[in-house]
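Dropping the structures in below, format is structure tokens.
Two complexes are shown next, each including subunit A; its partner changes from subunit B in the first to subunit C in the second.
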Partner chain A sequence: MFMHIFFYRFKCLIRDKQLVFWTLLFPILLGTFFYMAFSNLNDEASFHPIHAAVVPSGNSHYDAPFVDVLRSVSKGKNRLFMMKTAASQAEADRWLKAGKIDGYFSSGETIQLTVNESGLNQSIMKSFVDQYRTSSAAAAQIAKDNPNALQNGLLQDLSDHRSYVKEVSGGGAEPNNVLNYFYTLIAMACLYGSFWGAKEVMDIQADQTERAARVNTAPIHKLKMFIAGSLAALIILFAEILILLAYLRFGLKIDFGPRTGLVVLTALLGSILGISFGAFISAVVKAGEGLKIACLIFVTMAGSFLSGMMYQNMKYIVSQYVPLLSWLNPVNLLTDAFYALYYYDNLYRFALNAGMMCLFIIVFCAGTYLIIRRRRYARL
Partner chain B sequence: MPVFNVCLKIFRKNWLSVSIYVVIFLAIAILISATSVSDQPTTFAQKKARIAFIAEEQTPLVKGFRKELSRSTMIVALPDQSEKLQDALYFRQVTYILRIPKGFTENVLSGGNMRLEKTVVPNSIENTYVDLNVDQYWNLARLYATHEPGISQDGLVSRLKANLSGTTPVFMKTENAAKTSDSFSMFYFNFLAYTLSAVLIMGISTAMMVFRRRDLRMRHYCSPLKPTNITMQLLAANLLFAGASWAVLVGFCFLLDPKSIATINMLYFLINSLLFTGCIASLSYLISTVLKSLNAVSAVCNLITLGTCFISGVFVPQEFLNSTVLKIASFTPTYWYVQANTKIAKLTHFSWDHLAPSLYSMLIMLAFTGAFIAVALVIGRRQQATN
Partner chain C sequence: MIIHVKNLLKRYGDLVALDHLSLDIKEGEIFGLLGPNGSGKSTAINCILSLLRFDKGEIEIFGKKMTPDAYESKRNIGIVMQNVAVFNELTVYENIDYFCGLYVHDKSERKRLVEEAIDFVELGNFKKFHPKKLSGGLLRRLNIACGIAHRPKLIILDEPTVAVDPQSRNKILEGIARLNEQGATIVYTSHYMEEVEQLCSRIAILDKGRVIASGTQEELKAMITLGEKITIEAFSINEHELQQLRELSGVLSVQWVEKRLVIKSGKKAGSLEAVLDFLKTHEIGFGRIYSELPTLNDVFLEITGKQLRD
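So, the complex of A and B:
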């Protein structure tokens, strides 16, 4: 009998095109849009040699050393500038106005910088000139304090510019913050699965749908019916989430870190969380279907917003200022679990998230059971 | 005007699903207006990179270094816990974590090869910027240590401070920038594309689909009203709804950013958004002729609005989008709307030469409007014939 109910319930659910759209197609399409919109973001924030120009003063005493230094940092793979020499200030101004350069240096006794905005590239240009100036000032000071220094190779030491920093990796993975958008998307898809859970509860409460009224007349234990139906819903949702994961991983090449097994486990936990959450809300909210769906959408969308789906720093802000909220937000728990699996070497944070999700699942299931058990209808 | 009145009644019944978009839009707009910088700086201000500074030793030179570094960076206080630091780096609270290992100062002063440790967002601009400033300080410190061997750390700090003080004169050519360039109004009008699309498609498509019901249409045919009259009434109701939505949404811009009202740019923003309203209204009408079920409206509405807005630069500016995506986007009116907006925002002169590119974009939007109406009419005729 269990298999019979399960099978028919499965057929009944999978034919609901609207639900299949919102829980499968919509996340896939949204993921595609994210991919199209965000794929260039990290590249835009990365360093490209700065387009700059120099306007010589005509006095080679000032021009020659400065232009030399500029040339030395404008060649090679790690060059700082793409340098052009302007014939006159008017030409450099034209380049600046046309957006061909970020700014230009005017050589002379005091080197000047002309820009048209206060950006990072312009700040690098300024730091560069500051350095040139301070190095000369330091050399003059040393030569004054210790006149022998000039014979002892002061100028050579001055041009021997060493790097004093080395990069150490913070963890196994790159801090690619665009990934968070995709993690919240999967979390949202799992929580959209709550529609399936809500449908399950509505379809066994005889005062809510006609199908439930019919099913209630059958001589079968309600719990058995509910479990069979929920299992069918869970299998559908989990399959949808796996399709979404596969699309993101293989279609859009989204990185989930090396622990595939745990990623799939998180997807399963998320699916169970989604179904049980929907069932619980549907059991608690007694009013019509519209209000139940509105509640589910509201919680899912608010949760997604707080996990950084629309503004990614939101997740960080919440965890900094209202840490409790980030532990009570089911969307954030899922997002954070994917994030922890990708970004951290140890599994402590993942385990915390997974544990919290299990706790939520237990509370939702127990709550649903206590509300809908032993419901009898005198009249329908 | 019975048809007109019924149409308005349907709009009123639908207010909840439409107002959700308006409320979300306004919440975000208020958030942006509260955080956006209203005045454009006219003088150059050096950018500060956000960094975390973790010192395992506190020598006078390290303290002096920290002080100098804070001129070009903003040092964010973070606890020395790897998880907290990693989180901050991922969410770009800092883009550079600098760690000064124990014994570093001694090592540099005695000519050693010890280095500072950095954890960074790979290839970021800030990475280059901070490196430049860090290297400068320690290179100069080494220079002093080599050529003035007797110098104390405190003496060295004050020498470096004297050398590094003073600044390069920077001139900023601000006359190139328009008042509305990168202003709140530009963001508002760009983002308006999303809300306006959602509101119009949800509102107009839903109402028109009700009127396409077979029994309702048959009831119309046997009424003494002429078909043209019915169409005109429907058109009037839809235009009223579209106009009202436009007026309300644009009105909020005046409340949130009163400074832009007086600019000529605002006039063109308004014209552009009005043309866009017309275009999306005709698209909504087309959608209502194609769809069969009312349930599909919200799905199609979400897909069309989110899809076009993501690829056309409403949520992420067009300069950050890749060229293939933009090519695809150029087949949607939203792309041309955003194009026109961005160009209008930068205008400082309003002669024909300067205006032409924005007007060109608006013209393409008009062409889209015409195409939507034409297709909708053809489909409508066919459906009438088959019925």
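So, the complex of A and C:
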């Protein structure tokens, strides 16, 4: 009997094209739009090598060390310059005028920097020149005071630049400005699963649909009906969320960090949260299907907005000024769980979010049970 | 008794929907619940099926108290709702199989029953159709198939022919009669007196949540004074002659409406002859003559003072 109901509920739900669109295709489409809109954000924040040129003075005493240093910082993955050598100052001027380079260095006793405008790249070039002057002056002074230092690797030490601070995430993944948008998207998709939960309740409450009234006249406990239907809904929703995750991860190359198992577990929790939330609202709201769906959409979209789906900083604003709201917002709990898995090295924050989601699930399920356990109705 | 209802009281706030309703429905009969919209027919059915809470009264089905957990009784009940109650996402076959499966666990048995139900409502050519592709009449037949596929002993049909074309309506009524011939007890609610007259062996007439009369058609018609309604096309008649007509023996009332004389007479025979003699004697020209026996609407009209379809 349980399998009979499960099988047919599965068929009913999977064939509901509208629900499948809103819970699967819509998030995929929105994710694609996000990807197209946000793909440049990280690129803009990353450093691009500066197009520069050097004009040798013709005096190898001055040219050789400077050009060597320039070459050393113009190679490799993290190069500072895209360096070209100009035959003459006139040629370098032409390149500068044509916008092919941001500036050029003139080698000689005094290193000169020529730029057309001020900007970040020009400031970096000036810093480079200042540092070279300081280092070469220091090297000359040390060599004068201690000639043996040259043989002891003074020049290597001077050219060895190290960064002692590195930006890394606790979870071991690379920092990414746009991930939160995709996390809210997954959370929204999970909460859209509430439509499935709402449908399950509407199809067993005799005061809501004629179908449910007919089912209530059958010799079967309606809680059994509800559990079989909800299980079918959960399997469909969880599969949809996994498809969405796979599309984001492998199609759009969105990184979820190394904790794949916990990401999938969070998706499962989110799916249960979505179904139980929809069932609860459908049981509580004694109105037509339209109003129930409107309530679910409003809560989901408001929750998504407050979690940073439309404006990333909103998540931090809410956390800072109305922290209670961020703990009561199921979309934010899901978003934050993904966020914590990606950025945090320990699981404390993830566990807090997961715990809150479990609490919500228990409240929603208990509330739904208390309402739908009624076997006779005051009116139909 | 298949159904025993005693002193059923159901209130919606201040409105009394069922006012100490009592019914006894015997095995093998087609019992009609007739009444205008809002008379309490569907409320009574929903209380009997244990879907609605009621304030007072007793309900027994198959000799056992009816409750939401009375699964043994429920297993032998089939219900056809007033509105079509099927799943749009499932095909005709799947819908019938789904509802039948809530009663019958054995797969092969269920398959046979579903096929029989499809044959019974003549939907064999539409097995793989989704409900949205079916016409109103076919949808109603699917609705019936979903309610009867598990071969219940008691079938309750709540206005199954609302908004159905005459051809489909006849098919549905024929089908219900066949179900009864096959042994099922039928409870049929309607506000169409013609259907109830055609189908039901016993009838209860409801008004404002009360049974105002019950019995066979003959018993109900015997309760009223009206014996015959005579309509005569008369071209001209004056008020004095009308008054004389009213004074004829056996005549209950005479009305002159749009050149038609509508005469209601009692059960005593001979009224028509007396009226015709009067018209000839007074040289009142007349055309066609119609005579009708009383209907359930006349029963309802005489008891409540209003038309059944008010």
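Everything below uses one rule, namely that the second predicted complex is superposed on the first by the 250 of 380 C-alpha atoms of A that agree within 3 Å, B and C clash if a C-alpha of one lies under 4 Å from a C-alpha of the other, contacts with A are read in each partner's own complex, and residues count from 1 in each chain.
In this text, a contact is a pair of C-beta atoms (placed from the backbone, for glycine too) under 8 Å apart; a residue touches a chain by one contact, two chains touch by 3 or more.
Just so it is clear, the model here is predicted, and its values are computed rather than measured.
**Q** Counting only touches as set out at the top, which of subunit B and subunit C does A:Q151 meet: first, second, both, neither?
**A** It touches nothing on subunit B or subunit C.
**Q** Which chain, subunit B or subunit C, ends up touching more residues of subunit A in the combined arrangement?
**A** Here the partner covering more residues of subunit A is B.
**Q** With the two complexes superposed on chain A, say which partner A:A213 touches: subunit B (first), subunit C (second), both, or neither.
**A** Touch status of A:A213: second partner only.
**Q** Please indicate which partner A:Q312 is in contact with in the superposed arrangement: first for subunit B, second for subunit C, both, or neither.
**A** First partner only, subunit B.
**Q** Could you tell me if A:R379 is touching subunit B, subunit C, both of them or neither one (first, second, both, neither)?
**A** The second partner, subunit C, only.
**Q** Which subunit A residues come up in both lists, the one for subunit B and the one for subunit C?
**A** none
**Q** Help me check something: in the complex, which residues belonging to subunit A touch subunit B?
**A** Listed in rising order, the residues are 18, 21-22, 26, 29-30, 33-34, 36-41, 44-47, 80, 93, 96-97, 110-124, 126-131, 133-135, 137-139, 141-142, 145-146, 149, 152, 154, 157-158, 161-171, 174-175, 177, 180, 310, 312-313, 315-316, 319, 339, 343-344, 349.
**Q** Applying the document's contact rule, which stretches of subunit B touch subunit A when the two form their complex?
**A** 28, 41, 44-47, 49, 72, 82-83, 85-93, 97-99, 108, 115-129, 131-136, 138-140, 142-144, 146-148, 159-160, 162-164, 166-174, 176-177, 295, 299, 302-303, 306-307, 310-311, 315-316, 319-322, 325, 328
**Q** Under the stated contact criterion, what part of subunit C meets subunit A in this complex?
**A** 12, 46, 49-53, 68-69, 71-72, 74-75, 77, 79, 81-87, 89-90, 94, 97-99, 101-103, 105, 146-147
**Q** Where on subunit A does subunit C make contact in their complex?
**A** 1, 4-5, 8, 11-13, 15-16, 206, 209-211, 213-220, 375-380
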